[in-house]
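Down below are the structures I want you to see.
Across the two complexes that follow, subunit A remains constant while its partner is subunit B and subsequently subunit C.
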Partner chain A sequence: MRIVCTACSCLCDDIVIEGGKVYHACRKGYNLLRGEREVNTVDGEKCDFEKAVKSAIDVFGNAKRPLIFGLDNVNCETQKLALKLAKNSGAIVADHSTLSCGELIKLAISRKHATLEEFRDRGYVSIYWGSNPHNGIPRHLSRFTYYPRSGKRQRGYEEDRFLVVVDVRKSETAKIAEKSKSGLFIRVEKDSDLIDSFLKALEGKAGKYVEVARALKEMEKSDLNAIFGGSGLYFGLNGGLESFEGMLDRLADLNVHFIPANTKANMRGFVELMLKETGSLCYDFGEGEACSLKEAFSLCDVALIVGADPFRTVPWTISSMIREREVILVNSLKSVTGRLCGSRVKISPEISCFSGGTMVRSDGVEVRLSGGGKERSDEAVMLSLLNQEV
Partner chain B sequence: MPSPLDIYKLLPKTNCGKCGEKTCMSFAFKLLSGERKLEECEPLFSPKFEKNRKKLEEMLAIVEKAKETGLIVNEELCTGCANCIVSCPVHVEKDPYNAAMGRGIEMDEPILRIEDGVVRVVNLSLCRRYGKERTLCVVCRENCPTDAISFVEEA
Partner chain C sequence: MFEFTKLMKFDVKVVVVKDILHEGDTARALISRELAEKLGVKDGGLIRLTRGDVSVCFEAIVSEFAEGVDVVIPSGYFASRLADEENPKLFKAEVEKCDKADSI
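Right, the complex of A and B next:
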């Protein structure tokens, strides 16, 4: 059986499950497929899927200020239903995008950029800025950017690719760039200084980071280069993306595109939907206005967590607030949140790899997922909550 | 991984030649590459060297795991990124539309394959480091971000 992996935003479509073994999936993908499954429970008591959903309907129905959090690892269809549910119930809706790559995805949506397949076939310089794909998107380099021999780039990383890693530490990806003759590692202290160095180098002047001159020289050789921005870039810029955007405008002459390197499988789908429906990434339908993630967690009385593990991924000062709330956890795999938050209801739906529907990859390409057994999927849970029936 | 010098230090260092090698250092190198066995060193099995022999047995246990090309994969470090698979020159030649392009490998007898989230050695006899025409290829090791791949003789 061939499936699409939904463990990260690479959405690898070449995963094969045969004879009980999983082929071609990275460790992240394997863990999603073979990790320990969550158990359906109500108030700590094991129960069947239907009873857990029914209890979730009751708990959510009694909520005065519900929060729907997560959603960046579920398909677009579930996200749309969640938004509808939020509109009907006056809930607050949020995912991880306000914490990390949301603004970068917004930036990418506002600009024209190549797809990952186009980059695989034509791309030359890949700049991973504030991103360590080795951790979050393990097959990014081997499938799309540095290693593939494809299209115009048949000599692969040996002669047809150039890798630049911008990071505050020597990450695993940085080590590859540093030891390769076709690579460059720039250890930054302040991202704004690096932006300044790029702008100065374009005018033929030397900035703080003299290495950028070589990166620019390499860019001149190709009609397609890209900056893959990760959460480190967003944090490094302190939220202010204007100067970075200005630099991208200047680099457009060197055919530099910007593509986000977010890790959550369908964060881009969520951001696109939220921008279309609300204009913001975290929205309070009860008040009819945008809010912060901290407000979202502090204001709610019931938290519906879908396909997420906030105790692991959201700062403790924010996520710990839901310990005193009623929590409905919809997650296929065992999670830190599931273990520590004393959820009222835990629902273990089918893994999103088999749920069917679509997800949006980090480059904005819609990918159709395998399967379609919607009986016990995230989508089925959301539909039950919306219709208030199992 | 032990180094040849680590092994040499524990050998009798008499260059007696009973093993067929001219020097104990040469024997140490060949122990590491799997071409020689500890049993071939007669003096080492005398009571005088018993302590050293036990240490050597422990030290060389990892070498037993090594394949004929001396390739060792530490599965605990591997994250299944597939950089090794895509960069392998044999894969590139024999599977140009899948492995070479970054897709899951489809060739009949791959050298390496990602299985259950980590890289596994499937068919080492195709590796360029193997056989009479062998070359000192280190591409898979050089492109591993976690140093999960190593070769015996480099240790």
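Right, the complex of A and C next:
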């Protein structure tokens, strides 16, 4: 059976499961497919899926100010149902995008950029800025950017690709760039200084980081180059996204595109939906206005967590607030939140790889997932909550 | 023999990264060789990071991948304990030696 992996935003469509073995998956994908499954419980007692969903309907139905959090790792159909549920119940909806790559995804949506397949076939310079694909998106380099021999780039990394890594530390990917003749590692202290160096180099002047001159020279050789920005870029800019955007405008002449990297599987799908429906990334349907993630966690009385593990991914100052709330946890795999939170209800749906429907990859391409019509999917749980029946 | 390095405390630059190899139930952190020498910590030694009123004890792994910063923490529960919403990726914390690594 061939499936699409939903462990990260690469959405690899070449994963094969045969005879109980998983082929082609990276460590993240394997962990998702073979990780320990969550158990359906109500008040700590094991139960069947239907009973857990029924209890979730009761708990959510009695909420005065519900929060729906997560949704980055579920398909677009589930996200749409969650938003409908939020509208009907006056809930607050939030995901991880306000904490990481949301603004970068917004930036990518507002600009024309290539798809990862186009980059695989034609791309030359890949700049990973504040992103370490080795751990976050392990197959990104081999499927799309540095290693593939594809289209116009049949000589792969030996001659047809150039890798630039921008990071505050020497990451695994930075080591590859540093060692390679076709690579460059720029260790930055302040991202704004690097932007300044790019702008100065375009004018023929030298900035703090003289290495950018080589990167620009390499860019001149191709009709397609890309900056893959991760959360390190967003926090490194420290709110200075406009200067980065200005730099991208100047680099457009060198065919430099911007594509977000290291996002969660369907974060782009969530951001696109939220921008279309609410205009913001974290929205309180009860008050009819945008709010912060901290407000979302502090205002709610019931938290419906879907496909997320906030105790792992959200700063404790915010996530710990849900310990005093009633929590409905919808997660396929065991999570730290599930272990430490004392959730009222835990529901273990089918892993999203088998849920069917679509997800939006980090480059904006819709990817159709395997399976579908599963009775125990995230989508089925959300539909039950919406219709208030199992 | 009394270890004077146990009394040492100083500020370090901490970065939170995705690191699926070192993320787990026991708190682990990568530290630069320079910091390891300064603190007198060997590979597998233990360090405590304190930020505000929150402390987490980590098993230290001396690694080249912490070069450029002092400490690299895999994202996850222990990183979320120390991080705040302003900048959950990069912050300063106080480091000292300790006796036992935290676990979930």
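Just so it is clear, the second predicted complex is superposed on the first by the 388 of 390 C-alpha atoms of A that agree within 3 Å, B and C clash if a C-alpha of one lies under 4 Å from a C-alpha of the other, contacts with A are read in each partner's own complex, and residues count from 1 in each chain.
The rule we apply is simple: a residue touches a chain if its C-beta (ideal position, glycine included) is under 8 Å from a C-beta of that chain, and two chains touch if they have at least 3 such contacts.
Predicted model, so just to flag it, every value in this text is computed and none were measured.
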Partner chain in contact with A:A25 - subunit B first, subunit C second, else both or neither: first
First, second, both or neither for A:S319, with subunit B first and subunit C second: second
Contacts of A:I17 with subunit B and subunit C, given as first, second, both or neither: neither
Which superposed partner A:E172 touches (first subunit B, second subunit C, both, neither): both
Subunit B versus subunit C as contact partner of A:V336, first or second or both or neither: second
Residues of subunit A at both interfaces, subunit B in one complex, subunit C in the other: 27-28, 31, 172, 175
Residues of subunit B touching subunit A in the complex: 78-83, 85-87, 92, 96, 98, 100-105, 113-118, 142-143, 145-146
Residue ranges of subunit A touching subunit C (in the complex, touch as defined): 27-28, 31, 99, 132, 135-136, 167-172, 175, 187, 231-232, 235-236, 238, 262, 293-294, 311-319, 336, 339-340
Subunit A partner contacts - residues on subunit C that touch it in the complex: 15, 17-21, 54, 64-69, 72, 75-77, 80-85, 87-90, 104
Sites on subunit A touched by subunit B in the complex: 12, 14-16, 21-31, 34, 120, 134, 138-139, 141-144, 147-150, 156-157, 172-173, 175-176, 179
